[in-house]
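Comments concern the structure below.
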Amino acid sequence: MLRDYLPALVFLILGTLVGVLFATLNLIVARRAPNRSKVEPYECGLPSEVRAGFRFGISFYLIAMLFILFDIEVIFLYPIAVELRSFGKFAMSETIVFVILLMIAFAYVWRRGALEWK
Amino acid sequence: MEIKREPVSDLRVRQLTAVDMLRGDLPEEDIERYVEERVLTTTVDRAVAWAQGNSLYPLTFGLACCAMEQIHVVASRVDIARFGFEAFRASPRQADLIILSGRVSIKMAPVIRRIWDQMLEPKWAISMGACCSSMGVFNNYALVPSDKFMPIAVHIPGCPPRPEALMHGILKLRDKIQGHAPDGWRERYDADGTEEVLPDGDFSSADISIFKPGDTAGA
Amino acid sequence: MPDATELELIAQELRDADSESLLNTEFHRGRAVLVANPPKVKPVLEHLRGRGYTFLASLHGVDYYPHEPRLGVLYEMLDRTRVDRISVKARVHTEDPHINSVVDMFPGAEFPEREVYDMFGVVFDGHPDMRRILMPEDYEGYPQRRDFPVGGEPVLFTYNEEQSYGKYM
Amino acid sequence: MSLTENYRKREESITLTSEPAGTGETHELLTLNIGPHHPSTHGVLRLLATLEGEVVRDIKPIVGYVHTGIEKTAEDKAYWKVIPVVERMDYLGYYFNAMAYCGAVETLLGIEVPPRAQYLRVIHLELNRIASHLVWLGTGALDLGAISMFWYCYREREQLLDLFEMSSGQRMHTRYFQVGGVMEDIPRGFEEKLRQFLKIMPPRADQYADLFEKNQILLERLRGTGICDRQTLIDLGVTGPLLRAAGDPWDLRKAHPYSSYDHFEFKIPVGTVGDNYDRFRVRHAEIYQSVKIIQQALDGLPEGPHITPDRKVALPPRHELATSMEALIHHFKLVTEGFRVPPGEAYYPIEGPRGELGCFVRADGSSKPARVHMRDPSFSNLQALAPMVKDAYMADLIATLAMLDPILGGIDR
């Protein structure tokens, strides 16, 4: 029984391996020649005007959360759409319920005015 | 009755040598030649240089009139995409070629030096146009020739140089990167005695920089 | 262009209003110029605006080097209805290069006045942001003056190769 | 105190970080450099923007990053050598710079430009206006994300530069205008190629309109943004398409015709609301009008000399040098010292692609101009950027800057 889970395990290991490799390969192989202005942030060729303790507004965070919410919803639809015929009727109704729930959330967010930029 | 033998084709010969090689009864020097023909021997540096030379990412950087001609290099007639250089990156972190297209004023020089310092290491600089290489038409108080504060790989003459000239300059840079640098006018016309008289001591053009790296006085 | 007689008419009006506001009038090749007394520039411009010259086309400086007073500020006025142009010239000495700023009458004069200050050193009193506009902030000297050297590098030949300042940094 | 701190100390007057971090209604104020090296500032323009979240509260344009001291260099050159230097100021309207300067020197000299030269000048001026508008349209749409517009516009611009190269030998900064006329008469094949270009340009301009008008994103971003009323624009000294988009039909080609513009019949496109969409429509319509002007100028091209016959100003033709002694003396005098201009001052305004481009020349009797000043339209138009983008979104700032079409070579001179 354990054998038919082997591909998932291999997939997991390979995924993490490639992920970690891409993240750290640069640190290992890259040629390092830091100088004073290279470590400073790039702001159109001038020393940065942004003060250290600058706090970004809440609207950016709000928009980011809403985006993630509805983007993940779309990502869930992809696998279903690919194999809809083999899943049968049940999957179709399940997706419809899923989308309606999120539509309610979307209507609520729209009416509360979180989408307008303040 | 004479069996009509068709001429032994080159393909037939290669098949026979392959069979002998597999059976291991190919004579020593034939194996050597066999491998020689099939394997491209190179060093890691030449491979890296080949890759870098063919995929330079220029920086979206335009100063003045030469920038207008630089835009034409990207446009459809003199298409730079044929050589793989059309991915113009806006931020110096992702670019490895800066084309100084235009006149460098004393207020802009520290900014350019700062952008050059913020570019990551395998980086080259092309000084496009007369104003950038030698203050060109305006030899006055307001301009700085770019090789006074930056190491420049290729100077392109012209005011403004034609897009084909800029393309030619970039291809010259590619040859330079890939190791077979075209020889400059001194070698071509073996004009000995005209070498640049440089003071002794190890001396790279970045050292005569008026502005220390990161110094933006006057920016 | 106002012809010579109309220029004299305007000049006469200005002199009636304020006797020492105008120093001279010039008319050359169809170009009418009122040479104004520097402290009285604003009333002269105010009067011209009343007469219809409501658009300040250009404000720029000129260095009349050998002739004193040296630094000249020119205002090109334009009457858009009659398509008529007149110029006002005010000349100040280099010792006290002060003149009233016209930014409150013509907001468009802010950048040109900063440029005249940057290039010639004429300080405009009452200007909201009197700083250099083209040269770096900490640049000494006023480049556009006639006695400021054009600068640049001497072209290198074999005879003057030694003095090339690029080499002996 | 290292130079960087010292730099920040000296820059106190222009950065708003000197005050304590002012808080807007909902966000903390952020001072940001949309600085010299930025993909959408159309040149090395630095905008010190104070942002409150996404809304621009205040903007300070800081220029001078491509200041080349052209007016100082011009004082060091003979009169006819100043033309290449002056042409490099506004590097998209190089024919206009040369026209303004030659106009000023011709008024000082009082010489008359032959009609054929005036017509040739009008043809090249209008071709240059189309080329400048194509660069504005290509890069402006590029800033707003419509990348394909860039390829279409630069296809036409290549043909235009071929025409310039055919008539004068070089694509940009051609030095085709001379004091007193034009340098050379147009070559034989020029008329056919120009007629060919005039035939294909209007349908190509319709293609730009299709690309723009049917793109809902672009229309959404341009309609209703960057509005500025007529009176503020006039007070700030703004001229050209920006002022015409706000509803004021002020065009020097009609108001004060120069170089025989009154012989041609053309219309002035004028906007109504004065927002970014109107600026696009005005400049786009100007392309058609320029084609009409060139068509009429080409049909009515008079015969005659292409430069003033006055030998004191214009070089004698080469073949005359072999025969006549006077031609040799004139040639020698002009080439060594150049012609002298009697003392005086002249201000010669013309209608550039971005507004009134006036050249002030002061002559002190020697063979070098005592002062050359170019009243550049972008210099005044840039001052109108602040009222246009106050309390607008950051994206509208980029759209307004694209439609303002500043050329930094002309601003910094």
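The first chain written gets the first letter, and so on, giving A, B, C and D; residue counts start at 1 in each chain.
By definition in this document, contacts are C-beta pairs under 8 Å (C-beta built on N, C-alpha and C of every residue); 3 or more make two chains touch, one makes a residue touch a chain.
Quantities reported herein were computed from a predicted structural model and do not represent experimental measurements.
*Asks:* Closest chain to the overall C-alpha centroid, by per-chain C-alpha centroid: which is it?
*Replies:* Located nearest the centre of all protein C-alpha atoms is chain D.
*Asks:* If you tally the C-beta contacts, which comes out ahead, B-C or B-D?
*Replies:* Higher C-beta contact count between the two pairs: B-D.
*Asks:* Using mean CA coordinates as chain centres, what's the gap between chain A and chain C in Å?
*Replies:* It comes to 60 Å between the two C-alpha centres.
*Asks:* Per the centroid of Cα atoms for each chain, what is the distance between chain A and chain D, given in Å?
*Replies:* 46
*Asks:* How many angstrom lie between the centres of chain B and chain D, each centre taken as the mean Cα position?
*Replies:* Distance between chain centres: 35 Å.
*Asks:* Spell out, as numbers or ranges, the residues of chain A touching 2 or more other chains.
*Replies:* As it turns out, chain A has residues touching two or more other chains at 45-47.
*Asks:* Going by the contact rule already set, what residues in chain B reach two or more other chains?
*Replies:* Those would be 107, 111, 115, 138-143, 214, 216-219.
*Asks:* For chain D, give me the residues that contact two or more of the other chains.
*Replies:* 4, 7, 35-37, 64, 67, 69, 72-73, 76, 412
*Asks:* What kind of graph do the touching chains make: line, ring, star, complete, other?
*Replies:* Drawn as a graph, the chains match no named shape, so other.
*Asks:* Using the touch rule from the top of the page, what pairs of chains touch, sorted by label?
*Replies:* Listed by label, chains in contact pair as A-B, A-D, B-C, B-D, C-D.
*Asks:* Under the definition above, what is the set of chain D residues touching chain C in their complex?
*Replies:* Answer in residue numbers: 10-11, 13-14, 63-64, 67, 69, 71-73, 75-76, 107-108, 110, 232, 234-238, 250, 255-256, 344-347, 349, 356, 358, 360, 362, 370-371, 373, 375, 379-380, 382-383, 412-413.
*Asks:* Which stretch or stretches of chain B touch chain C in the complex?
*Replies:* Against chain C, the touching part of chain B is residues 106-107, 135, 138-143, 145, 148, 197-199, 208, 217-219.
*Asks:* Please output the residues of chain D touching chain A within their complex, sorted ascending.
*Replies:* 4, 7-8, 15, 17, 21, 26-28, 30-38, 46, 48, 52-54, 393
*Asks:* In their shared complex, at which residues does chain B touch chain D?
*Replies:* Counting only chain B, the residues touching chain D are 60-65, 67-69, 71-72, 75-77, 90, 102-103, 105, 107-108, 111, 115, 131, 137-143, 159-160, 162, 212, 214-219.
*Asks:* List the residues on chain C that touch chain D in their complex, please.
*Replies:* The contact residues of chain C facing chain D are 28-31, 33, 54-58, 60, 62-63, 74, 76, 80, 83, 85, 87, 106-112, 115, 119, 129, 131-138, 143-144, 146, 148, 150-151.
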